[in-house]
Amino acid sequence: MASIAAPVEHDVGHSHELSFVRKYIFSTDHKIIGIQFLLMSLLFLLIGGILAMLIRWQQGFPGQVLPGGGVFPETMVSDGIILPEFYNSLVTMHGTFMVFFAIMPLLVGVFGNYLIPLKIGAPDMAFPRLNMASFWLAVPAGFLMIAGFFVIGGSAAAGWTSYPPLAETSEYSGVYLGQQLWCVSLIVLGLSSILGATNYITTVINMRAEGMTWFRLPLSIWALFITSILVLLAIPILSGAVIMLLFDQTIGTHFFKSATGLPILWQHLFWFFGHPEVYILILPAMGVVSDIIANGSRKPIFGYHSMVYAIIGIAFLGWVVWGHHMFQSGMNPTLGMSFMISTMVIAVPSAIKTFNWLGTLWRGNIRFHVPMMHACAFVSMFVIGGLSGVYMASTPVDIYIHDTYFIVAHIHYVLFGGSLFAIFGAITFWYPKMFGRMMNPFWGKIHFWLTFIAYNATFFPMHQLGLEGHMRRIYDASRYDFLSGTHGLNVFISISAFVLFASQLIFVLNFILSWFRGAKAGANPWEDTGLEWTTPSPPPHGNWPATPTVYTPPYEFSVPGMAQDYLPQDQSKDMVTAGQPAKGG
Amino acid sequence: MADAGVMRPMPHTARGAGVYNQKLGMWVFLGSEIMFFTALIGSYVILRVGNPGAWPEHGPREVLAIPITAANTFLLICSSVSMVKAFAAASVGDQKGLRLWLIATVLMGAAFVSVQAVEYTELVHKGFVPSAGLFGSTFYTMTGFHGFHVSVGVICMIYVTIRAFRGKYSAADHRGIEVIGLYWHFVDLVWIILFTIVYLI
Amino acid sequence: MKRVVSIGVVVALAAGCGGGEKAPAGGEGGAPAAAAAAPLGNASISGTIAFTGAVPPNPTIDMSEEPACAAKHAGGATDPVVVVSDGKLANVFVYVKSGLPADASFQAPATPVEIDQQGCLYHPRVLGLMVGQDLLIKNGDPLLHNIKAVPTENRGFNISQPSEGMTSTRSFSTPEVMVPIECNVHGWMHAWVGVRPDPYFAVSAEDGTFTITGLPAGTYEVEAWHETFGTKTMTVTVPADGQATADFSFSPAA
Amino acid sequence: MDWILPHAVSSYAGDIDAIYYLILVITGIAFVVTEAALVWFLIKYRGRPGRQASYIHGNTKAEIVWTAVPAVTVVVIGLLSGSVWNSIKGRDSVPAGAIPIGVHAKQFEWNVTYPGADGQLGTGDDFTVRNQLHVPVDTPVVVHLSSEDVIHSFFIPAFRVKQDAVPGMHIRVWFKAMETGEYELACAELCGLGHYRMRAAVTVHTADDYQRWLSEQSQTVALQER
């Protein structure tokens, strides 16, 4: 197709002034869209957190009057008591918001958008308008999901996994429109994600700057690229399944009906999507943590190539392990064996990554800035989350701990201890680039330590709850004699959770106040090597006056024989030592 | 699809996959579409294997009108051919041929959807509705989503045709034609699979 | 052994465990409705529901799972499916099925109809209310009940009351005889709600009697419904300000 | 070690617990080693003025080691788990002569059907009891699990047994209780607003007591259902 290379239309120049609406609301600038995603998903993170607090109130203080419970209608909180159907709503919507509207957009929407063009040396995404459409589909999806709380019968209440027949039969769930809103919302969000992923993949393949070869891509970009492929291929599976579920609910089709269809088909489809989804939620976190750890250690990342292969390996294996969510579902037990082995094997790339991070720290010159603290917390928490996965992968042990709080502990060690610590680190790390100001490091450290301690106090004891057999998603454990000993632990967890939530307010305040009052950041406040630090903070429209050229691998820290301990990717050692001043320092 | 007809200069082609963004983007997007139809077709196969009793004893032809749909299938294949013709015309700058073949493609696509609508109406009159068991559920979901894709394709094609009449495509740059063509051939291919699985087997 | 559970015990239980909240004889659901809206007339239909034949024994309920409920049933709990005393059948829903002036419309009374959950049974078991009238659901037990209405004409609901003293209010928008109410935590719990567009309905009391008041003169089709024995219909003519009798008789299916 | 896992009373609970403790030891070592290395590195290589980080890009030998060691370890765990799994849930794992008991789950109760004197389900002398599972000690019992409405999960923590009950499916799960006493059966899969109350009492009798209970019940329930 080289014959059609001549451009016909030229872009209208970027110089002219855009209206406020075009510049900040319906913007096509990847940086603005990234920040839009950031604000949206932090809002959903907050909503999800509030739902979690209600859950913890009920778990810690069942049957006691909820403080401030009067604001809820009597269909949710009656006489100050959280009703069981509302509790089911809470666990469902907490999971849904956190997975689909907080963590996923925070990682893929925010950092995918913000970092990909800036780190590969592109002026913008391949399809800026598609990018805008992606964000403006995610917003109505969020509203549709929230709308569930305001319709008769309440929001979806069949768990974030929405197993039919419970999820599709109002007679069984007591939920009417809420369950359908859940489906429609996820279909719209899925479209948004697919558009985003198409954009990211095209951008990474086609828009890299001169010299930015595949193995000069920072690991964050590698992770986001592979994640985008997972999004691209996994989300349509969910969309298809959710459409069938919606048809079952509305036009009386029979896909997952118990008598005429196959309820278990939903589980296969959902988890065939769901396990890649788990990696969608953790791979970008691993990527940004790699960037931050290299920066904090002032060392090249240890085993860059094996890190890349580990990401690819995880993404590949992620497609063949979905059955480990279904060991007790009535699936053929022989399949259970093969899913167990594939699941065990997927632990290996995760182990490689962990040891490589440790190898990066080894003999480093570690700077404990706030992003680095979060990144180290990520590594240590991910170790726990990864190791606890081995218990469930072992089918006999899973018989006992399946659907207990052990699973809840595991997923929170991966998604909170893993992804969310990485997100806190990444936000702090790229905040100066986004807003031109630093977040306050003192309050950042206070926030980190409070979060780290309260987080562990909240989720570590959940392992023990699970080992005592405490089922997940139960409204009140006091019904069972064998759980009578868990009440004290539940109270402790709840109080820790309240502290954890309160600590996040520090972050919110720091985030908002630093926007206006934070210390001015230079182009490269962390003395990093990435391309995004070679342009002013915040970068202008188009990112660079001229597209940069890349000369070095991504993590050239502490190169011997250089005065400064970092070598930006758009410079070579010769250029620096020849006396040319380093740009962007 | 929104950018299918939008022309941009092609920077970085040399360093990328060797194709321009729109074409690469469409290929990537079609990867997603493949997975979507895989979910539907996979579910169909599992459901049918799991509940053979939910399908007519002597196969779908008991309920479905195979000859009409076969003709319709032929029509869709023809539209793919006319799409190829349109692209060939565009690549040599034959504006008249381009417009002619695009209109032919639009008409055949629209005719396909119309025949499908008539088919649905008749089936519903016969009492074969989505709630009439697994066969009805899967039939309407799969063919319906395919019909939806054809409709979206026809709408985009109309947009491209209007642009063609305004002379926006040349021998040097006719990327919009190529990109919509990719989508169109994909939709065609999916139909051949669906026709085989849903109607014939 | 269990067969010996006599009719007398059943009646005593039904009377005893409802506490002091039972409405007086004459139908728990019927009386308040007539009082609220101005009646179309002053005629009334009354009658007695007789029961002939062998009285089927009511099933016993094993409430060992719920000690708080079991404690409210000294001597063991039974499910009062068929309540017969002296040959008279209680818990029959009687209503004017047709014959009212076509243009008559009725305002639902503001006072709600109550249903209580007491000792893991519904009190009353059979009740009637008007379209739009509130159904006040109370939980008299210190444990979870869910209240699931499974109507065919109306929008159903499925709500829970996890602790004692909780109340919820629901209503129905379309006439329906009868809307089943059930509790899925205690699978034996059943109640039936007759939803009528007019106030002309009643539920037979323990002595089998019922009265429908406030009717205009006319000829009516009156139907009696029982959860086990089905429906019986008869045509009754009432003069203005007069009284007519509609006696029904049920017997076990042959 | 009852304080980590509750007292186990089924024949295979010991095997499950053994695998659990094996994984606990292995992951415990891995946990201590990695976290200690992390903390040690953070302290030892903390930034100080004048310090220079080593310019190292990796070490193939080390990377091969820390790929191979976890790979071998997890595969060994997998193989050990596999044989236990097959003995519990495998297709042919149900012991011959196990007593069949039907469990029909329904929002929100367990309807337990016992075979009458003939020891067979599906015959005229079966009887059904709500929320009460009675089994004899030292005897394998095979539960025929089904569901009325939504997915439930049959979970007896003390027996270490869990199996989803899926509407439209008929699933068998077996166990052998080793000690008499009172235990609990819970629903482990979210099944609606009464999920947390979907509990049944499990009673393990001696063989004689079980027979006595069975004949008592079969009479009273039979009378009920007359």
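Structure notes:
Letters A, B, C and D mark the chains as written, and numbering starts fresh at 1 in each.
The rule is simple: a contact is a pair of C-beta atoms (placed from the backbone, for glycine too) under 8 Å apart; a residue touches a chain by one contact, two chains touch by 3 or more.
Keep in mind that this is a model prediction, so the values were computed, not measured.
Interface comparison, A-B versus C-D: the higher number of contacting C-beta pairs is recorded for A-B. The chain closest to the protein's centre is A, with centres computed as averages of CA atoms. Averaged C-alpha coordinates give centres for chain A and chain B that are 34 Å from one another.
A separation of 49 Å divides the Cα centre of chain B from that of chain D. Computed centre separation for the pair chain B/chain C is 60 angstrom, with centres defined by C-alpha atoms. Remark: chain C and chain D have CA centroids separated by 46 Å (rounded to whole angstrom). Residue positions of chain C touching 2 or more other chains, listed in rising order: 144, 146, 158-160. In chain D, the residues that touch at least two other chains are 107, 192-194, 197, 199.
The set of chain A residues that touch two or more partner chains comprises 83-85, 173-174, 261-262, 475-476.
By the contact rule set out at the top, the touching chain pairs are A-B, A-C, A-D, C-D.
Contact residues of chain D toward chain A in the complex are 4-6, 12, 15-16, 19-20, 23, 26-27, 30-31, 34-35, 37-38, 41-42, 45-48, 51-59, 62-63, 66-67, 70-71, 74-75, 77-78, 81-82, 84-86, 88-91, 107, 147, 149-151, 153, 155, 157-158, 160-164, 166-169, 171, 183-184, 186-197, 199.
Touching chain A in their complex are the following residues of chain C: 144, 146, 148, 150, 155-163, 165-168. In the complex of the two chains, the chain D residues touching chain C come out as 106-109, 129-132, 192-194, 197, 199-201, 220, 223-224, 226.
Contact residues of chain A toward chain D in the complex are 83-85, 88, 91, 157-159, 163, 165-166, 169, 172-174, 258-259, 261-264, 297-300, 302-306, 328-330, 332-334, 336-337, 340-341, 344-345, 347-348, 351-352, 354-356, 358-359, 361-368, 376, 379-380, 383-384, 387-388, 390-391, 393-397, 399-400, 402-404, 464, 467-469, 471, 473-477, 479-482, 557-560, 565.
On the side of chain A, the complex with chain B involves touching residues 1, 3-11, 122, 126-127, 129-130, 133, 194, 197-199, 201-202, 205-210, 212, 232-237, 239-241, 243-244, 247-248, 251-255, 260-262, 265, 268-269.
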